[in-house]
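Lettered A, B, C and D in written order, each chain numbered from 1.
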Amino acid sequence: MSPARFGLSAPGAPSPTAPAWRTTHWFNLPSGRSTLELSELRGRVVVLHTFQMLCPGCVLHGLPQAQRIAAAFAPEHVAVVGLHTVFEHHAAMTPVSLAAFLHEYRIHFPVGVDACSEGGPARDAIPQTMRLYSLQGTPSLVLIDRAGRVRRSGFGAEEDLTLGAAIATLAAESFHHERDAATGPPAATGRPAD
Amino acid sequence: MSPARFGLSAPGAPSPTAPAWRTTHWFNLPSGRSTLELSELRGRVVVLHTFQMLCPGCVLHGLPQAQRIAAAFAPEHVAVVGLHTVFEHHAAMTPVSLAAFLHEYRIHFPVGVDACSEGGPARDAIPQTMRLYSLQGTPSLVLIDRAGRVRRSGFGAEEDLTLGAAIATLAAESFHHERDAATGPPAATGRPAD
Amino acid sequence: MSPARFGLSAPGAPSPTAPAWRTTHWFNLPSGRSTLELSELRGRVVVLHTFQMLCPGCVLHGLPQAQRIAAAFAPEHVAVVGLHTVFEHHAAMTPVSLAAFLHEYRIHFPVGVDACSEGGPARDAIPQTMRLYSLQGTPSLVLIDRAGRVRRSGFGAEEDLTLGAAIATLAAESFHHERDAATGPPAATGRPAD
Amino acid sequence: MSPARFGLSAPGAPSPTAPAWRTTHWFNLPSGRSTLELSELRGRVVVLHTFQMLCPGCVLHGLPQAQRIAAAFAPEHVAVVGLHTVFEHHAAMTPVSLAAFLHEYRIHFPVGVDACSEGGPARDAIPQTMRLYSLQGTPSLVLIDRAGRVRRSGFGAEEDLTLGAAIATLAAESFHHERDAATGPPAATGRPAD
């Protein structure tokens, strides 16, 4: 079936390489880790869920859906990563508040805090990674394939059925096949059998 | 029908007088007002909804229900009042954060901030009004009759149908009748026809 | 509070007397009973829920709400009665099918089958009681007060909160007061304390 | 990713060939067609949804989900087919009643009526196709791959996310590859590009 059915660009079509993330804090990383780089996840499908902790659409729809994705797919094949892209009410959504929020809502996947624009929020409210990915607001969902390319990016509510199909379609793509089309060898990440 | 059916104490039974609220901030008051006293609402039914802004049960169930109550009943007969009773994650749920929360969730009824215990949160996390009303957690809902008496107090999720019946039962009670049973004259509050 | 807030006509206003029901079958009656007359319910609030078993709005919203009403209110004060008002697909919604439907959906309150128009469904699809009450379709909900008067009649989805308030408002009205305004003494129905 | 994650048997594992359907009526077929054979759908993934029109779990969960599947996937790759497997209340769920039900619930995918057991429902209530597929009740969902093999069969409620992933995983399997493993050439069914 054409991946376009699920909002995906075709495997052979030119797709933008997903930019590296610019973050200042991380939560829910394994003990001993203080940061998570997108390049470490090469070989896996990455579901990047961007949100703000005081955004009702994120709390009611986006984050519960991201939790369902994390439960449904094998983590060695599909990595769910949250990104806190604060572009309003900066004083109300500090890392201290976010830590309490993640605790109360029982969010266990890794969550990074997007870096403020270089002049700080006073100069430009849109944080750096949000700008690099050209996201329109929160919640946004970005699907990155095993070769590190953005294959789908959307703003707002998504249907579970279509989203499950889109992620499984990317998960079914051969990484070796994709690697040939990409510019270099993958990072050495373990991908044990499911 | 017996009010007990909806969890209410009977009109003639001895019910505790609702304690005055101890608050440090208020939001959503009419212009020029900086505080709201329970005694000002004598003659109306008061629906007191206590919550914490990072409590999932409050955000998903309690607060949307309080908003529906505020929309369903005439404000000159039924006053919906929120109380932010923070007993955990104090640094994450400051008035600055609460202001952003109320804005994002479009909560328009008055909301007070419960006063910390006198030794401060480090000594005792339960704030003063929450302690005076013997509440067990958030969300809690307290129904106060036209004469200022606590007629029902509950913790957790409530059914809309039963709650609508309970509030309407209190609203149908004659205040003049109740006043005779109470200890003094009501405050002069207007109660225009609906 | 004004009953108008909940869609009710005022207690003192002229309200139409609820017509007697014209039915051909009954389900869920007590053992030994084969019919239920509205006049037997004088002194109680009657919640008349009209539906068709193949109407999606009835199955998804109306009937579950009627079941919640039957569970929330004391039956000696509030009687919930269903009426199967078939006005389309007559061959598909016979009493045999309805019996299986009520069993599968665990509907336990009394349900009558509205009588076809005198010429039969071929002449006029709208059954007799539906026509007498001037109902627009299914689901419809009719609230009848303790004195047997129609105080509210609505077509389509209703909010639980407002509906609970409307029924409780009628339940709080004194029947003795109402009886004086009505034309005769009530039937001798037991109304034990809740 | 291992298909087992979504409840699927592996592509290379021995899977039972899906039995031909035994039906007595069909609804929602293209004009001029009176029957639909599973063999005609070789080359497509088939989502077989079995239900009874008076089964609450089917009406509230199973059928709406089948409608979402039919809307989400391209019909030339994924065929959604309903099967009315009546095993109780036979007199209440005749084809006449089913026709009205499909009309009212706006179900537009093809629906067959499972054939009664050869002795008739009096002898054995379980209809023939339901027995051939060893289904436990309604709703049941059977996923059949492009080569005509049963790859998943489940009874009861399913999560949209996992189900979307399972169907997309089957849709991503190469039919030509599968054909080699199967016992014969596919029927000549058109599979235009999505």
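We take it that contacts are C-beta pairs under 8 Å (C-beta built on N, C-alpha and C of every residue); 3 or more make two chains touch, one makes a residue touch a chain.
Quantities reported herein were computed from a predicted structural model and do not represent experimental measurements.
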Joint neighbours of chain D and chain A, given as chain labels: none
Matching chain pair for A-D (criterion: over half of the contact pairs shared, by residue number), options C-D, B-C or A-B: B-C
Label of the chain whose CA centroid is most distant from the centroid of chain A: C
Between chain D and chain C, distance of the C-alpha-averaged centres to the nearest whole Å: 40
Separation of chain A from chain C, taking each centre as the mean of its C-alpha atoms, in whole Å: 53
Whole-Å gap separating chain B and chain C, where each centre is the average of the chain's CA atoms: 35
Overall pattern in which the protein chains touch one another (line/ring/star/complete/other): ring
Chain-chain contacts as defined at top: A-B, A-D, B-C, C-D
Contact footprint of chain C on chain B as seen in their complex: 1-2, 4-6, 65, 68-69, 72-74, 77-78, 159-169, 171-172, 193-194
Residues of chain D that touch chain C when the two form their complex: 54-56, 59-60, 88-89, 91-93, 96-97, 99-101, 103-105
